[in-house]
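In what follows, subunit A forms one complex with subunit B and a second complex with subunit C.
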Partner chain A sequence: MTDLAVTNGQERLLLTILRSFEALAADQYHRTIGVLLGDEKHHLLEQLDAQVPTDEALETTDLAPPVKHLLTLLRSQDKIQVLIVQGLILELLGQTIYKTVSESAASSPAMRRLCDQGLHANAETRRHVVEALRQEFPQRDNPPGADLLDALIARSGPVLDQLNTLGEGLDQHFGEAFGIHFADLMAEFASELLVVCTGLGADRRRLVGFLTRIMMAG
Partner chain B sequence: MDDRAAAPAVRSADQQDAIDKLMGLAVFGEKVAARIYYSMAEIKPEFAPLLKKFARMEAGHGAKFLEANKVNGIVADRDFADNELGYLLSQADAHAAAGDFNALAVLQGFIVESLAIATYESFLTIADAYPGTHEVFSTVLAEEHYHVDWVSRYLRLEFFDAEDDFRRLVERVNVQGIDCVGGTMMNISHHLDTICLSGSQCAGAMMDGYAQLLQNVGFEEKAAMKHVVGLFMPLIQKYRRGEKTK
Partner chain C sequence: MTSTCSGTLLVGATGHLGGLVASGLLADGHGTIVVPMRDPAKRPEMLAQIGEELDREGLSGEIDLSRLVAVPLPSPGRFHELDETLVRFGVDEIVHCAGSVDYFDPIRLKEANIDLTADLLEVAKRLRLRRFIYLSTAFSSGYAEGRVLERLHPSPKLDPTEYTRSKREAEFLVVASGVPHLIVRPSIVIGDSRDGRYTGKPYGLYQFWFSGERFLSDRYRDVMHIVAPSRALPLLHQDAFKQGFMAARRHFTENAIVHLCSRPDKLPTVRALFTLWFESVMCPQQLHHYDRIEDVPLDGLDHRLRTWLEFTAVNTEISCHSWNFESTNLDILRAAGLTFADATLDTVRLCQDRFVAQSSRLTAYLRDSLPQPLRSADTVVESI
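Let's look at the complex of A and B:
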């Protein structure tokens, strides 16, 4: 139960989007890699459900089609797909969003508290994600990290491309409200992703090239 | 009179236009690089002998490219180059007028050289299609690395135990520097694609290379990448929307 209600329209819209993605992630973790679904994530979902129990705030906006398309692209029961796309990429993106909104002076106290919970859930999941990636992609390949990078490039392209498409809509809806700008989000997200992946042995130049290709593709 | 002496390879009109523009930028960009190193030599006489040598090397690169162009039926597109390089020259002149050696070091030694290295390295993969260019680009590339190595060492010493000062310098120079040079990277991306390179791969290589240089002088890896990607993202978004970046 939450004792503070989020009433601002933009905040409710963002929470509705976040709930959709968190709910899908939780379902996928439950079905494929249970260890990624911890108590903090359960708690976050309860809070999000309490604040925005329906998609009403999203349905009337132009963000609904690209968000739904992205959710469709994410649906998979494949363990590696879930680990890389949900566990690695979207958790990092979620962390960036929660952090930005939590630190925004424009956010309400209730919104900030929810985002802080999002960050807790995120950190809990990510600890297990890195360990799971180490197990799935041991650095015995030559060059080190090549298998992880091959898998990431093969599996995340369509999702990242759709995120890129969604970017301008996010700027329009949340740029002024929270000072969230897609360019800043991507810079934070990309730098985190690069650090995590190079820590797992991936070649940075190749990963930067891949991300740049996706971001530049029209 | 057409300067095109010979066209040994069959190219489409688009490919010819693209290579004319790219080699125009290479030829005249090297001349701008020479001018910037001369400006740096005037500001710090203690480094003048070396920096004048760098300037002569850069001018020599431009001459080598012109020779390679003649052999390959390429006419350096001066209008295109002038349009791309005007903004860079005005920034370099402003830094020089202010006696700001360190800003010129970052602008030329890191940002401009990162673009040059990223594109020259990439060009080597297709150089065999342009007779004589492999040797020219290999030599030029090695010399650009030599310049970057010296600038890196200089900046490391200059900002030893003063990482915050270096960060402020980079942030100040990058606002216009990346907008300008990164904008050129976006503007040549399509031409790189046209000659069977990858504009986005070159852009990625430039970003990664520049971030690595910042790390070499004291930035943390994440901070370097965030800084560089953050500056490139608005340019990339413009590119994606089909807008001119400069």
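Let's look at the complex of A and C:
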């Protein structure tokens, strides 16, 4: 339990969205790749549940339909799908969101504390994600990293396209409140993904082409 | 105007260049234009885009948009399903403007650029159509040495991307089919030469601007690094593309390959274009120029600037090559009266100004992020 309550409406809305995605991720990690569900993630989920136990803050907003659609799109028990979409893509996006809100002067102390916990959980999971990706996509193929990139493009493309439909709504709700702008999120996300994937042997040129297409659609 | 009631099968009308061609076809004849669409219910959106283009040309009141008939796009290998429709509307020509530029996705490139072309050529052969017009790219030669000729290209040692290879392969299919053909190869398409209006996605020069907006407008940077060779960038205004395409369609009745590119002596260099962007928009105190991305001290840069350089690296690499396109057929069209607006630094400035004006992020950057002395005064950038 947190000792400070988040009372601001915009903060509660953001936390509700984050809880939805974190809860789904935790469930999928539990079912497919247990190592990704560490203590920090459990702790984060407990805190999120304590702050926003229901979807009430989300239900009345225009973000509810696209968020729910995205959550539906994410449901999968396929190990590789979970590893790439939840473990790699959404954890990277989560990291960007937690970091931005944590550093925002507009955030309340309780919100900052939660986002710091989000960053801890995120870092813990990502360490295991990179290792799991190395095991699933060893650099034995020719060209190196091609399998990983093929999987990334095929599996994350539809999710990222759907994510783009959230962009305008996110800007409207959180742009002024926290300085979160979808374009900035995607730019940070793209930078981080480049580092991670090229570190795993993915071809930078192809990856940039893919990210360019995704970002142009947003 | 040519007066003909023959119909045309136009594939790719929902795209940027296909939309421009659609407006040209509507203005240039009286026949039905059959447009296969993945979702024919989106015909109104397509018409809105084409209507805007016709408005721009002052033609909207004169054109009967009902001539544009949307039909479902058949699945691969099932284009015979279109036969009855094409016969009914007297279609005697295919204009194929569809394609994929997703160079990261070889499967998609094959489906969109090669398999679809093969399917459409089968239609043309089966129905003994008069002509097949294929929209290719000036870069289908790959990194060829010397002058890029208006003929099929042998395989080069290297292609800029898988996209250029797939377009070259499609050109071979067109010629090998035996169907009378016209292959049009535009260079890098940018906005309208008259007002900078651009209706396409952010490819080419727009990718440079777009990624600059996304990655570099978060805060002011007083030192920036760019890869910008002093070579002419082969740009083509979208109005020149449309005029050139339609003129080639009217003029060349025999098999032909036509390059659509601005005159090289008018074109700005990559360095001039990038400097224009940085001087007018980003306004750093120092601008470091490099010829190749390998020369940039990437490790010392902040991650956004570094990512921006990486996002633009493919295009800057392509721009480092010396592109020298044969212009014999365009010269013939010019001599026959074609008005063709060449891209210059001034006309590109129009496009850039429009892009910046339409960007809330860049407008906010110019208003809020620049150091105070730079907001009102002309920027003096020290080029290094």
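Note that the second predicted complex is superposed on the first by the 216 of 218 C-alpha atoms of A that agree within 3 Å, B and C clash if a C-alpha of one lies under 4 Å from a C-alpha of the other, contacts with A are read in each partner's own complex, and residues count from 1 in each chain.
Methods note: contacts are C-beta pairs under 8 Å (C-beta built on N, C-alpha and C of every residue); 3 or more make two chains touch, one makes a residue touch a chain.
Just so we're clear, the structure is a prediction, and the values are computed from it rather than from any experiment.
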{"item": "Fit-or-clash call for subunit B and subunit C when the two complexes are aligned on subunit A", "value": "clash"}
{"item": "Which of subunit B and subunit C A:Glu11 touches, first, second, both or neither", "value": "neither"}
{"item": "Touched partner set for A:Gly167, first subunit B, second subunit C, both or neither", "value": "first"}
{"item": "Which superposed partner A:Glu91 touches (first subunit B, second subunit C, both, neither)", "value": "neither"}
{"item": "First (subunit B), second (subunit C), both or neither touched by A:Asp147", "value": "neither"}
{"item": "Partner chain in contact with A:Asp184 - subunit B first, subunit C second, else both or neither", "value": "both"}
{"item": "First, second, both or neither for A:Met216, with subunit B first and subunit C second", "value": "both"}
{"item": "Among 43-51, 115-123 or 187-195 on subunit C, the segment whose C-alpha atoms clash with subunit B after superposition", "value": "187-195"}
{"item": "Footprint overlap on subunit A, comparing subunit B with subunit C", "value": "183-184, 186-187, 190-191, 194-195, 204-205, 208-213, 215-216"}
{"item": "Parts of subunit C lying in touch with subunit A, wherever the complex brings them together", "value": "102-105, 161, 201-202, 207, 210-211, 213-215, 218, 303-304, 306-307, 310-311, 313-314, 361"}
{"item": "Interfacial residue positions of subunit A with respect to subunit C in the complex", "value": "149, 153, 181, 183-184, 186-187, 190-191, 194-195, 204-213, 215-216"}
{"item": "Subunit B partner contacts - residues on subunit A that touch it in the complex", "value": "164, 167-168, 182-184, 186-188, 190-192, 194-195, 198, 204-205, 208-213, 215-218"}
{"item": "Residues of subunit B that touch subunit A when the two form their complex", "value": "189, 198-201, 203-205, 207-208, 221-223, 225-227, 229-230, 232-234, 236-237, 239-242"}
